[in-house]
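Same chain, two partners: chain A is paired with chain B first, then with chain C.
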Partner chain A sequence: MAKELKLMKGNEAIARAMIASGTDGYFGYPITPQSEVMETLMAEKPWETTGMVVLQAESELASINMVYGGAATGKKVATSSSSPGISLMCEGLTYLAGAEIPCVVMNAMRGGPGLGTIQPAQSDYFQSTKGGGHGDYQLYVMAPASVQEMYDFVFDAWDIAFKYRNPVLILTDGAIGQCMEKCYTRDYVPRWTDEERKEKAPWGTWGKPANRERNIITSLELESSRQEVFNQKLQKKYAQMKEEDVRYEMLNCEDADYVFVAYGTSSRICMKSMQIAREKGLKVGLLRPITLYPFPTKQVAELAKRVKGMLCVEMSAGQMVEDVKLASNCQIPIEHYGRFGGIIPTPEEVLEAMEQKIIK
Partner chain B sequence: MANDIVKPENLVYTKTKVLTDNVMHYCPGCGHGTAHRIIAEVIDEMGIQDKTVGVSPVGCSVLAYNYFDVDFQEAAHGRAPAVATAIKRLNPDTFVFTYQGDGDLAAIGTAETIHAANRGENIVMVFINNGIYGMTGGQMAPTTLVGMKSATTPYGRRVDLNGYPLRITELLATLPGSYYVTRQSVHTPANVRKAKAAIRKAFEVQRDKKGLAFVEIVSSCNSGWKMTPVQANKWMEENMFPNYPLGDIKVDGKIAEGIDANRLVVSAPLTVKQ
Partner chain C sequence: MTEEIIIAGFGGQGVLSMGKILAYSGVMEDKEVLWMPSYGPEQRGGTANVTVIVSDERISSPIISKFDTAIVLNQQSLDKFESSVKPGGLLIYDPNGITHEPTRKDINIYKIPATEKAQEMGISKVFNMVVLGGFLKLKPIVGSEFIHKGLEKSLPERHHNLIPQNEQAIELGKGLIEPVQVL
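What follows is the complex of A and B.
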C-alpha cells in the first residue's frame, strides 16, 4: 500500500494500518461496533501479500490468548473488540502486562453496563486506565479523535509496545469507528524478518538455538520477594512512560479563561462548542489528552494555574474528571458534564453546561 | 556423578539433555515426571529441541517450563490451546505442544480445547487425566468418577448433584480436525514405552501437518486420592481404566479398529468399582 488519500471508516483504517505497519497477526471475534476491522482484513487477504495471519477465534478469551501466544514469539500481534468483549479480555490483558508482552488492542467503546447498547460511549475509561484485570499493571492507552488518528496510532502503538514491552490499547468508540473521513495512508512497512525479530525481541519464544538459554514467558512468581522486585520494575516502566511518552493537544489555550478537557469523540464535540463560544466572545480552550495513560497530568496542573475553570466532557457518568481534579489539586472549579448510555452530546448543550457550571 | 561409577561401555540409559537439572516439585508417585521425561526424550530423538515451544497450563504442571530445556510459555488457566494455535500459525516451522491437566483442558478450557481440535490445528496436546484438581487440594474435576471422593465431593460424586464425568478424549475423536487421538498411561515400564511411542507419533503427525494430535495420559494422584503410590496405581487400574480405556481411539484421521461407536456417542456414567 502506497501513500494515498482515501475515504474510509475508522474501523477500516485500523485494519489497513495493521497491514501497512507490518503486523504479523490479528486474532478477533465479531462484536458491534467494530466488526469491520476483521471483515476488512479478511477481504484484503493479507496472508497472500504480506504474510500476515488473520484468524477468527471462538471467543474474546481465545482471541486475546492467541495474541498472548503469538506476541510472545516476538511478533507483532493485534486484536480488537468492544466493551463486553474487552471485559472478557481483561484476564488476558493482565497476563500480557505481567509477562511483558508487547501487543496492540483496540476497544470501540459502547454504552454499558452489561450488554448495554451498541452506540458510542466513553464509560470504559476506568477499565482502560485503572486496571480492568487484576494486579498492579497499566496499559499504554491512546485515544484517537479522527479516522486519520485511528490509522496513524497503529504505527505509533507498535513503537510504544516494543519500547516498553507492554500492551497498547487504542481506545475509541463506534462514532469514530463507523464514520467515514479522509485518511492519508502510508507506505507499507515490511514485516520483520526473523533476523530483525531476534534483534528486536530477543526474549521471544520461537525455538531455542543451541547458543542461547531457553526463553520463558510467564507471569508466575511464587516467591513474594521476587514478585515485589518485578512489580517495582513494572512501576519504573510506567514512570518512564509518564516522563517520555505523554501525548496531548491544546487548542486556544494560550489566552483561555476556561478550558474543556475531553478526548476522542467528546473532544470533537468540544471543538465545535469552543468555536461557538469564541464567536460569542468567550475565551474558551480545549485540552485533549491523546494518551489517557500516561495522563497529561503536568499539562492540566500548569493550565490550572492560569485558567478560571475546567469542564470535563465525557460520554460517561464522570471518570476522567477524577484524574483532572487530582492533577489540578482542585485549585480551580472543575466540573463534569456527561451524556451516557450511547448518547453523544450536542455542541450547544456542552457550551451551555460550561456556561452554567463553570462560567456562571 | 553417575559417570564416576558407571563405565561408559556399561551406560545404557541416561537423562535426556532436553530435561534440565532442576529438581521437580511433583509428589513422589505422581505421573508428571515420567510424562515430562518421555516428551523430552521424543524431542531429543527427533532432533527438534531448537524448534520446539511448549505451553504449560495452570495446575500442578504450571511450572513445567522449569524442567524442559526448550522455549516455553505459561498460559492462563485453560487457554493453552489458543496460545498454542497462535504460536504455530505465526511460526509454522516450530513444533508446539501443550501440556494440560483435566481441570485446565476439560473444564475451564473446554471451548479452547474443542475449537483448536476442530480447526485441525497442527499442534500436540498432552492431557494428564488424574480425575482430580491436584494443585488446589484435590477438588472434583470434570473427569472425577461417579462415587469418587474428592475435597468438594466428600461423600463421593453424585450424578444428581454434580452431573456426569466427561470423556473429552472420545469427544475430540469425533471431530474432523483431530487426526490422532490416543489414551495411555505411565504406571508400568511397558505402559511408559507405549506412551512414548504415542507421543512420538503425535509429534510426527505435527511434522507432517495432518492436524491435531492428542495424547491423554491417565495418571494417578496419590496425594489427592489419599493413597500410597502403589495403592494409587492399583486403584487406577481397577477404577480409572475401565472407564478410561487405554489405547488408540483415532489413527490416521479414522476411528481406530475395535473402538465401539457407542463409546463415542453413548456414555454410561463413569463409576468407581462398587
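What follows is the complex of A and C.
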C-alpha cells in the first residue's frame, strides 16, 4: 500500500501502522476500548501480503509471552491491550526488559481500578513509567495525542525499541483510540529478511553460526555481582534515553504566565482551554510531554524559571503531577486537576481549575 | 472556520454514518476533521451520538460541551443537547415523535420532517442524508463535490450504486428544512 490520506480510528491507525512498518507478528487478546486493533489486523489479513502473523492468544498472559518468544529471535513483535490486560502483562514486560528484548506494546487506558469502566482514563501513568512489573526497569513510553501520531509512533517505536533493545509502550486511551481523524499513511517498510534480522539483531536466537558462541536470552542471573553490573548497564541505557530521546511539544509557551502540563487526550482538552484563555486575555501555554519516560524534565525545569504557575491536567487522581513537581523543584505553584473513572473533563472546567487553583 | 457539531438520535437512525460522511467530505476538501462517537454502555442503551468537528485549523479537544450546531433526531437527544448549543448557534430537529418543542430563545432553530418525508417516499434508509442535506443548506461547510467524494470514501464499493440515491436525499433535505426561530 502506498501513501494515502484516510479517515480512520486511532485503533485502526495502530493496526495499519503495524502492517506498514514491517511488523513480523502481533499476538493479542480482545478488550474494549482497543479491540479494533486486532479486528483491523484480521480484516486486513497481512499474512497474505507482508507475511505478518496475527494470532488471537488465549489470554493476555499468553499474548505477552508469545511476544517474548517471538521477539527473542530478533523479529518485530507487538501486542496491544487495555488497562486490566496490561496489568496481566506486567510480569512479561519486566522479563522482556530484563532480557533486553525490543517489542511494541499499546495500552488504551480505561478507568480503573480493577475491571473498572470501559471509558477513557489516564490512571496507568505510574504503572507505565514507574514499573508495573518488579525490578529496576523502564519502558520507553510514548503518548500520542492524535490519530496521526498513533500511526506515526508505531514506526518511531520500532526504531527506539531496536536502538535500545527495550520494550516500547504506546500509552493512549479510549478517546484517541475510538475517534476518527485524518491520517496520512506511509509507504510500506518491507519486513526484514533473515539476513537483515541477523544484522540488526545479532543478539537474537536465530540459530548458532560456527563463528560465535550461542546467544542466550534470559533475565536470570543468580550471581549478584553480575546482576549488579547488568543493572548498571540498564541504567546507562535509561540515561541515554533521557539524553537523546526525550520528546515534547510546547504551544504558546514563549510569553506564557501560566502553563498547562498534559499528555494525550488531556493535552487536546487543554489546547482548547488555552484557546479560550487567550481569548480572555490570559497568557496561558501548554507543555505536552510526548515521551512520559524519559520525561521532559529539563523543559519543565526551564519553564518553571519563567512562568508563575503550572496546572497538571490528567484523567487520574494525580500521577504525572509528581514528576512535574520534581522537575520544577516546586519553585512555583504546581497543582493537579483531574477527573477519573472514565469521566473526561471539559475544556471549560479545566480552565476554571486553572483560574481557581493557579491564577487566583 | 471551525464548526463543532453534535448529531444525536436512536441507534439505527444512521447518526454515526451521517457524521462519518460529513467528516470524510471534510477530509476530501483538505480540512481538519474529528469524529468522536459515544461508545460503551450509553450506546447500548439505544441512543447514539457523535461529535463532528470540521475546521481549517488543527483541532483541539475531541471532547466538547458547547456546540455550534446540534442535530437531534429524537426527544431524548433534544432534551439532552438543547442546552449545549452555543448562544447564537443552530438547533436542527426532526419533529417526528417530538412532544416538547425546544424552548431556547437565544439560538436559531430549524426543523426538518425527514422521517415522515422519507417514509412517504419509501427512502427511509437514506433518512439520515435528508437530515444532512438540511444542515448543509444552512451551513455549507463542505462543497457538494466533496460530499460526493465523501460518500465514495465512506461507503463500501459494493454500495456505490446507492450514491445517487444518497445525493438525491441530500437535495431533498435542502428543500425540506424550515425555520422555527431565526435570530
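Quick note on the criterion: the second predicted complex is superposed on the first by the 360 of 360 C-alpha atoms of A that agree within 3 Å, B and C clash if a C-alpha of one lies under 4 Å from a C-alpha of the other, contacts with A are read in each partner's own complex, and residues count from 1 in each chain.
In the analysis below, contacts are C-beta pairs under 8 Å (C-beta built on N, C-alpha and C of every residue); 3 or more make two chains touch, one makes a residue touch a chain.
Bear in mind that the values here come from a model prediction, so they are computed numbers and not experimental data.
Of the two partner chains, neither chain B nor chain C is touched by A:A277. Of the two partners chain B and chain C, more residues of chain A are touched by B.
Of the two partner chains placed by the overlay, only chain B lies in contact with A:E58; chain C stays clear of it. By the touch criterion defined above, A:Q178 reaches chain C but does not reach chain B.
No residue of chain A contacts both chain B in one complex and chain C in the other.
Residues 24-25, 27, 53, 55, 57-59, 61-63, 65-70, 72-73, 75, 77, 91-92, 95, 99, 205-210, 214-220 of chain A are the ones touching chain B in the complex.
Residues 20, 23-24, 27, 32-37, 39-41, 59-66, 153-154 of chain C are the ones that touch chain A when the two sit in their complex. By the touch criterion given at the top, residues 5-7, 32-33, 117-119, 174-176, 178-182, 265, 268-269, 271-275, 344-348 of chain A touch chain C in their complex. Here chain B touches chain A in the complex through residues 49-53, 55, 62-63, 65, 68-76, 79, 82-87, 89-91, 93-94, 111-112, 115, going by the rule given at the top.
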